[in-house]
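Dropping the structures in below, format is structure tokens.
Consider the two complexes below, in which subunit A is the common component and subunit B and subunit C are the respective partners.
Here is the complex of A and B:
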């Protein structure tokens, strides 16, 4: 199993929802780390462990944006089957992700809502699962 | 001088044994009533007082946090960190209370839902790097409502802890 520990691989102080709102945002985490790691794990038939512990806390928007984009690009079922969230210090975040973020973003996706991208430059090409196949592209342009 | 021997009849012996047993049992019951029960009651009272004081501390800190957020004296980073600390502390206390006093309190969920609500508010994310957060009126009103709900539930939790026999 592969693992991402936010504290050591991203930031000890995760930030707001969007890149334009501040450093270490959920959007940035998704594009710098989570998308690539999840795609690799999926390709290898692995599950991905996402460890939230050890940071100075979370804005729920950070988690919503990061995990929500994952649902948008890979689909609810694939995310549910392949992502293991660990949050021992604040168990509430695991519940929020499982019971709110994943189902709500699935609805957004079905309803045709597109995630916002707010980095100054477009994000480098990222993975998306289309008809069971991983494809890479700049699927959404940044609008700051 | 002649010594007079008295041979105790069997029925007298059983009476004496019975008196002896009554005495021992009486002393044991007396000991339990005089020492163990008050000690146990005292231990239980001290434990309840400890839990109540811990919960009260979290209540004070939570109210202070809400106040600082409402009056624009708090930044986003300190806010999320304080929420985390309060949530961890109350989770531990609640676990211990429920475990030792056989209760099913759930007051930490009120902090968690406030944490979820406030850290997902658009204006808080927009001001993430600001020195002080300024809340929209609707967010402020909702925060006050959640604060009141938490306080009410803390009082009811304290009453339930006190009621434990």
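Here is the complex of A and C:
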């Protein structure tokens, strides 16, 4: 299984939802790390472990944006089947992700709403699962 | 112009009068001829850290409008000590226009503008835990609460005005008092703007206090396109309900919401354009949190 530890691979002090709101945002984490790692794990038939422990803490929208975009790009079932969240220090985050973030982003996607991208430059091409096939593209342009 | 700060400057006990004073002070920005305000605190004989934090937010607002604010100490020694330890003076200028520098070990004040400042907030919380326990440590629930409020300030609080928010942490006897404030549009105005349809259609008979409380219970937003949003206030409530923070109070627009004792929550006569969150952390909060960590 592959593993991402936010403390060592991203930031000790995870930030807000969007890049425009502050450093180390959920949007940045998704595009810098999570999308690629999840796509690789999926391609290899692996599950991806996401370890939240050891940081200064989280705000809900960081996790919402990061995991939510995963649901948007890969679909709820694939994320549910292939992502394992570890949050021993704050078990509440696992509940929030499982019971709120994943189903709500599924509904959000079905409603035809597009996630915002707020980095100063467009994010580099990222993976999306389309008809069972991983494709890479700049699917949404940044609007700061 | 000289402005006299009220003698009783305890926000948590005297918020009606304090808001009346603060509103008058903020309104001075519309006087285009006004270049300087002298805050006379000589007669202040009661004060709390929440009032100091709010006053600093107002000073920032006035400064953003090009008005210089200078001040003095209260004569009352206890109040003067609180002022000094609160770090208030570090954000003020003396009569010659120089910044006042003071080393105040108990005091952690962080400020920000258009963005959250995660690292600085995390450092402030660790430093406050050092003051509480003698050991610098993380306390994730306090970080979550501070970041949720800060992010709301950055995202919603200011319409076409320079943004600013402020976090104050003050050591009381056996606990840390946190205050976070901004002088934006207030939570209720944001709720009305985002969910007017839901609030007006379904909740015609509710007052603003109930509407605000329901936002903490995540009762709005399910019928909007932003179905995934609005987890911030419920997260703050979750930390309170689990006992990780105590004595949570919110003052915004015309509402005072006291989560510890909901019976004293009420509507304010003097509406306040902005937000003030107050909460406390003591050793019991840390114990509860540590006991809830799942062992490997």
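One rule holds in what follows: the second predicted complex is superposed on the first by the 144 of 144 C-alpha atoms of A that agree within 3 Å, B and C clash if a C-alpha of one lies under 4 Å from a C-alpha of the other, contacts with A are read in each partner's own complex, and residues count from 1 in each chain.
Just so we're on the same page, contacts are C-beta pairs under 8 Å (C-beta built on N, C-alpha and C of every residue); 3 or more make two chains touch, one makes a residue touch a chain.
In this text the structure is predicted, and so the values were computed from the model without any measurement.
Trainee: Quick check on the superposed pair: does A:108 touch subunit B, subunit C, both, or neither? Answer first, second, both or neither.
Mentor: Touch status of A:108: second partner only.
Trainee: Residues of subunit A touched by subunit B versus by subunit C: which partner has the larger set?
Mentor: Of subunit B and subunit C, more residues of subunit A lie in contact with C.
Trainee: Determine, under the contact definition given at the top, whether A:12 touches first (subunit B), second (subunit C), both, or neither.
Mentor: second
Trainee: Contact-wise, after the overlay, does A:124 reach subunit B, subunit C, both or neither (first, second, both, neither)?
Mentor: Neither subunit B nor subunit C is touched by A:124.
Trainee: Where does A:137 make contact in the superposed view: on subunit B (first), on subunit C (second), on both, or on neither?
Mentor: Neither: A:137 stays clear of subunit B and subunit C.
Trainee: Considering each complex separately, which residues of subunit A are in contact with subunit B in the first and with subunit C in the second?
Mentor: 13, 15-17, 21-23, 56-61, 64, 89-92, 96
Trainee: Note which residues of subunit B are touching subunit A in the complex, please.
Mentor: Interface residues on the subunit B side: 76-77, 80-81, 83-84, 87-88, 91, 109, 112, 115-116, 119-120, 124-126, 128-129.
Trainee: Using the touch definition up top, name the residues of subunit A that touch subunit B in the complex.
Mentor: Residues 13, 15-18, 21-23, 56-61, 64, 89-92, 96 of subunit A touch subunit B in their complex.
Trainee: Of all residues in subunit A, which touch subunit C in the complex?
Mentor: These residues of subunit A touch subunit C: 11-17, 20-24, 55-61, 64, 68, 88-92, 96, 100-101, 104-105, 107-108, 111, 113.
Trainee: Using the touch definition from the top, list the residues of subunit C that touch subunit A in their complex.
Mentor: So the residues of subunit C in touch with subunit A come to 115-119, 121-122, 125-126, 138-144, 147-148, 150-151, 154-155, 225-229, 231-232, 234-235, 238, 242, 292-296.
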